[in-house]
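Below is one structure. I have some questions about it.
Per-chain residue numbering starts at 1, and chain names A, B, C and D are given in the order in which the chains are listed.
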Amino acid sequence: MTEIALATGFLLILIGLYGALTNRNLLRMIVAFSVANTGVNLVLVGVGYLRGRAAPILDATLPAAEAPARIIDPLPQALVLTAIVIGVGTTALMLAYAYRLYLTRGTLDISRLRELKW
Amino acid sequence: MTALLDLLGAALLAAGSAFLMFGALGLLRMPDIYNRLQAGTKATTLGTLLVLAGAACLRPEWWPKLLLIGLFLLFTNPLSSQVLARAAHRTGAPRSPLTRIDQLEERGGGGS
Amino acid sequence: MVEGLLYLTAALGATAFLLALGRFIRGPSAADRVAAFDVLTIISITGIVLAALAEGRGIYLDVALVYALLSFLGVITVAHYLERSV
Amino acid sequence: MSALLPAMGLLLSAAMLVAALMAVRGRRSLPISILAAGLVSLLASVQFLLLAAPDVAMTEAAIGSGLTTFLFFFILARVRHD
């Protein structure tokens, strides 16, 4: 499972970077960034996985006494939990900037925004 | 007794999964969007309910959560399918040439 | 016997997943793709129930509950967008 | 039952790569790209569940798939409307 998750995550990051570099529409670039964001989260969770161990949530089938020997490390999962929420915040910020740019310039095509080119 | 319940649960799981497969087959093969929604909603709702019943037979102590999921699906799935079919009708999705009667259009529900 | 039926369930579910994914890739209009998205969510609920049975953890079923809510909200959002953009 | 979960993971990985390619290739219309990105998020959430992280799976399904798709369609409706 770890290898599958790592390979998928890296391929998703590469696909997202490809999309962000080749598309000219700002909204398509943000979509590609969101795909790459998902890939990063998948890599982080895949690194923390250990084969044959249970999810780090205590219930009737997993008593607290034998938990340290049977659960996987919950730290990468907590990190990814934060990263997902921050990713949504970043996406919302990018979308807000794209919308403001559309209101002032009337276009979303980056090849027609020439003010900062030299 | 437990072995019989296990066998019943596994049979229900397989039957529900077969319904899911036929629903997805209908989704792929039907000619227009309305027929696809028909196949993709009814068959998959029944299949998921059968799968949940089979899981409840295999693990009887999980029945409250499984019942909650089943009720949720039973309430939300036909509603979302109906909303999607109305959106497709209003955007003028093409009908299959075999369709003869459009009662929504006749009753003036086509426009918003 | 029970084991074989569970494997049969998994194989049928995988076939259903591939068929719905084919409609998602091919589908001519956006409404077809939304219908395929809905069916893929429902098939994923079956996959989650199978994973919960295989691992023996009842806590996995909470994710299926979130999925049942989520498919509804996503379809309502996209249908609203499609209706307004006529 | 031990071979079941890795087989599900492989199937999900293939579907995720196909959906990601659909999301970033520029030939299709923009709502379809957004739907494909939402599908990538949704399948990643099942992948998280198979990696024994149900809490991450719940958050990804609710926030990463639901809220992000809603945000994209909200902005898209505003852009189309003006």
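In this text, a contact is a pair of C-beta atoms (placed from the backbone, for glycine too) under 8 Å apart; a residue touches a chain by one contact, two chains touch by 3 or more.
According to UniProt, the chain labels map to these proteins: A, C = Cation:proton antiporter; B = Na+/H+ antiporter subunit G; D = MrpA C-terminal/MbhD domain-containing protein.
Quick caveat: nothing in here was measured; it's all calculated off a predicted structure.
For this pair, chain B with chain C, the centres built from the Cα atoms lie 11 Å apart.
Taking each chain's centre as the mean of its C-alpha atoms, chain B lies 21 Å from chain D. Across the assembly, chain D contributes 5, 50, 52, 54, 76 as residues in contact with two or more other chains. Taken residue by residue, chain A touches two or more other chains at 54-55, 57, whereas all remaining positions touch fewer.
An unclassified topology is adopted by the chain contact network, corresponding to no line, ring, star or complete arrangement. Contacting chain pairs in the structure are A-C, A-D, B-C, C-D.
Remark: chain B residues 6-7, 9-11, 13-14, 16-18, 20-21, 23-25, 27-28, 33, 36-37, 40-41, 44-45, 47-48, 51-52, 55, 58-59, 61-62, 65-66, 68-69, 72-73, 76-77, 79-81, 83-84, 86-88, 90-93, 112 touch chain C in the complex. Looking at the complex, you find that chain A touches chain D at residues 1, 4-5, 7-8, 11-12, 15-16, 18-20, 22-25, 27-28, 30-32, 34-35, 38, 41-42, 45-46, 49, 53-57, 72, 77, 80-81, 84-85, 87-88, 91-92, 95, 98-99, 102-103, 108. Partner chain A is touched in their complex by these residues of chain C: 55-60.
Residues 3, 6-7, 10, 14, 17-18, 21, 24-25, 30, 33-34, 37, 40-41, 44, 47-48, 50-51, 54-55, 57, 59-60, 62-63, 66-67, 70, 73-74, 77-78, 81, 84-85 of chain C touch chain D in their complex.
Contact residues on chain D toward chain C in their complex (touch as defined above): 1, 4-5, 7-8, 11, 15, 18-19, 22, 29, 31-32, 35-36, 38-39, 42-43, 45-46, 49-50, 52, 54, 57-58, 61-62, 65-66, 69-70, 73, 76-77, 80-81.
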